[in-house]
């Protein structure tokens, strides 16, 4: 890695952007967190609904799903609303499926019972890494909503088995960088998203070559960076949730 | 008006909810304001785009339009996304047409030239009066975006002729009430929205009987309340814009 | 008001266009009226269906709703079909919500029981004032459909509490004009729709400034004109319904 | 054919329903005819637009197309609007393609030049045979719109080569019947639509077995009936158009 | 008919293209046949589902329906997917309704019981005559699926009353031609599709003039050609089904 | 890995299913390959179109994109058509984005020039691994289409830099398995897709935990399996393309 490494916000290559978690950002949801990761800001709200999708009915098992949206001016150039266009785009579909899978991996569906938890992740301002911020934030909103079910006596213990968080890593000008902002992301040749559990187990690793391929060695180094970052995010989540309880 | 009047937040009948305007809520838009009116919170972002819709091309005139959305958990019970349903509902259509008309009334389209200003009004939390809060907030975002065009030397003077603001009035249990919160709104027999200019001219008055009709006298009293409230909102806008300039 | 006032059809400022109500225009509907207001022609058909929307089920209460459409060549320049475009536009949504609310205000939903009345208002030819003509005509179609339920012994008495009618007023070149035709409407600076009950109670007043604002005094004068016009429309409805019974 | 043949309106087996053509039913369209065939009533309006679809651009040739719709209460049981359902159904598609093809067969597209004629056929009341009534009526609206282009000096002579009309034949209880009404149509085992030119040339013959197949001999007899009916319809069209010119 | 008759594949005027039926083309469907008619290749798969559409529930009767699709590169120039365009086009609607009607004509719905058979006809390569190939192929897939229900003991005997097949005839340069390929079809002035039962009964005859009309005599000659062709197709179906049983 | 390892088709844990590539499956496309991987069969067709999407216009660069579809009876239980549902689902979006990215990684867009290559991947029969089969097959169709541009003299040399192929790996009952069939896939706790270049560079690695997380060590072992499988697929592609040239 060259001495000349320069990040727009002067971070070290393996340094996360400052993370801020604001609980209860809206008062209307069962769980609500605003996650800010540098200039990326995602509002994560958890909803608990009775019942489950058709294929799970009478199974005694619950379901967790996610929806992802971006306000038109989350981006520097206005992005038209998907409601106006009349359909959800491919990128949105891909992201909300990733968030949903990641959060399902930490919930004991038997213990949840026939309830559905919907995680709405809405990007208020976008500067790269919105999908990983959404996962990290939604995990907190999910934990809060489940705690509320316990507090209300609906469930005896929280069906949350452990926490989960996510970050991105990329290769820019040959340098590995943790937690890419938009400017870095748009110049990256490789872009990787990692979702990891508190116990270190991996849930999702997606590494995509945008312009150049990558080697097994580079993949392994990207995982090292991601693990370091995710451990810090898990710590931030823990601080917040400990305070809350 | 009976002594026993009770409002959930102990306001007087002709008292607005506390209003807070946070400028620059997102850094990505040309004009951005978070307006909070009690528990109602609407993010208003202004976008300046080159060009105008087809029917105005080569007219030398500009255009101002608005889009309105509600995050799923702005409400106590989750509202499904219009992007998922694949279409904009009737209520959304009605509201964004109202916002658009209201803001067009204060812009000199000739002076704006062939540019389009889009006002995105997204409700983060809803507690009644979202459409009137959106108008009041969007007017500020619009003013900021136009000031930016002047500051950049694109326009010599702002095409904004004057400010505009809006509020609601209603009749609940026979009592006139200014600026209804959701609980009051759902019990109102008459619901009125008023949009007024800084010079006192009326732009929109819409009074709807939900369960009972209203008399000419009641209509006049509702307008008195609305005028009082809108003058206070116009003052709050002025404070903010004077600070900004 | 200047001497030089000129209306395309030589009406006085406070004069309605000739109104004609043709009952039973189609034989297939439970209630059917063709309303002609000058060159504006709207076919209003009432349908009685068993059952109510989900949120009213088992409430013992009925529901009244409206749908509004315009044939492509109702207008001088062909308007593409909303069925071809795949969605209902904002103007249509706004109008059918207005018609629905207006007619719900005169029906005793408890007395109607769990039935839904749908008022289909289809514009065959448009020359301004289609939404107010639709309300006036649909009220008659509604009355007929309810009378038929009484005649059939399904209901003991009609759940219609009183009649309702609507008209428009506008300001053109500084002159107040009642019941605007298209040419006047397109030049109006202020456009107002008023929906009023037979007992004089107001149900909807919507005054919109298109190019210029209006004063409280002007609003009051517009209401005077509207009241005069609506009383005449209510008389025309009465003549027809008395003949029918 | 048995003596006991009974048609709901006491017609002979090879007798058309009374046909009435009302020209200029709306004043807004370039050509407008209300065609009534018994209780079936279809409003046919012709629009002339500059330009042609992409694949004909710069070909010097024109285009003729049709759209078909049914008002919700054209039928005894209300049919939901296709605009509300968000898409055109298969039956509508099939019918408007048939009308379009039929009318294209009588227009000299070179003589028409790069113009598009749209025939809007809207069913106000349906009692069987709406698609054939639409063809017969739309041909008149088309002729009128083309005559208007000649009268205006836009075209030297009308590009209409000859007239075209259509009717239906069916087999009900083993009896051949001309011009089926709804009650007959719903009991028919075979249903045939025939579109024929004034010179006797066939443009469309579509015979469909609904419950039972048919023989070559029956097909030939059905064509005899259809020819007889269409000659009468062509005569009715001629009377109207001669009067008009 | 002139001596100089030339068909791109040197066939006689009344000669079918070589037909090949490959049973079991996919192993996943209850009935599966790839039909090849010259270069036209259509995959026909039959699905048996429990239950029937709403209007047949508790009638004791079954239902048969069809869906038709074309892979984007079935054609020489790529055709955009209807799933991407978000709606089924008019041509597709027309074709799948024709296939459905044709196959319903040979099934005893009482004997089928409350089951639905869906025939999916997907064009892998198109060279004219895809709809008639789909009918001929789908009839075989249907027969196989019904035989499987008998083999499984679900039904005592097959509800298939007899076989059905279809072909096209056209007039090109004044010559009658059987079974048009794409090149011939695009030059045809008249295009006819005929669906016929094994017992010679006609189910559908649709003759469309594309550029020129046709006479009763020509219609009769086209039927002669079609009958000859369909008898050969019925024979090919029989060979396959006899082998299978 | 236990001795008792049992795969439905008796393969070794690190053994691919038999692969068959049939070139020219349809004659209509610029490149066409049917890839069969065990019972999974995907038809991959390449289309070359002039021009590029808007954001690349006048850049001198080309574009490669993919669309993915599944015939309704590719699956044991019929899957409704996305064209009937009126929208592309999330899974389809995710897959076609993956195929598109993978193929773009091997094309020199400058050398391609302002042309778009569309890869249509349609699943005729599905038994797991359809997306990786689509990538492997589409790469061949792409190579063929580019060779055709060279053969036609449109391009001097093929813009294809190297070949690319893909396979899946999973963990089932604690055992690593290469190239999962549907039965294995539905029981897998971890599912990984790998896309690799002929030079060994990685383009995509996506490992998803369905029920259980995975360790870094397991990720590395899965990559070993995938590499082995992809080298065999690349060899099969080479054999075919060498024969073709």
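Order of writing sets the chain letters: A, B, C, D, E and F. Residues in each chain are counted from 1.
Note that in this section a residue touches a chain if its C-beta (ideal position, glycine included) is under 8 Å from a C-beta of that chain, and two chains touch if they have at least 3 such contacts.
Chain identities (UniProt): A, B, C, D, E, F = Ribonuclease PH.
Just so we're clear, the structure is a prediction, and the values are computed from it rather than from any experiment.
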{"item": "Chain-contact steps, minimal, separating subunit F from subunit E", "value": "1"}
{"item": "Chains in simultaneous contact with subunit B and subunit F", "value": "A"}
{"item": "Same-site or different-site touching of subunit D by its copy subunit E, using the half cut", "value": "same"}
{"item": "Centroid distance [mean C-alpha coordinates] between subunit E and subunit B, Å", "value": "60"}
{"item": "Centre-of-Cα separation between subunit C and subunit B, whole angstrom", "value": "28"}
{"item": "Intercentroid distance (Cα basis), subunit C paired with subunit A, Å", "value": "51"}
{"item": "Residue numbers of subunit F (touch at least two other chains)", "value": "86-88"}
{"item": "Ring order of chains, beginning at subunit E and proceeding to subunit F", "value": "E, F, A, B, C, D"}
{"item": "List of subunit E residues in touch with subunit F within their complex", "value": "25-29, 32, 39, 41, 43, 45, 47, 49, 67, 69, 71-76, 78, 81-88, 92, 118, 120, 122, 124-126"}
{"item": "List of subunit F residues in touch with subunit A within their complex", "value": "87-91, 93-94, 96-97, 101, 105, 197, 199-210, 212-216, 219-220, 223"}
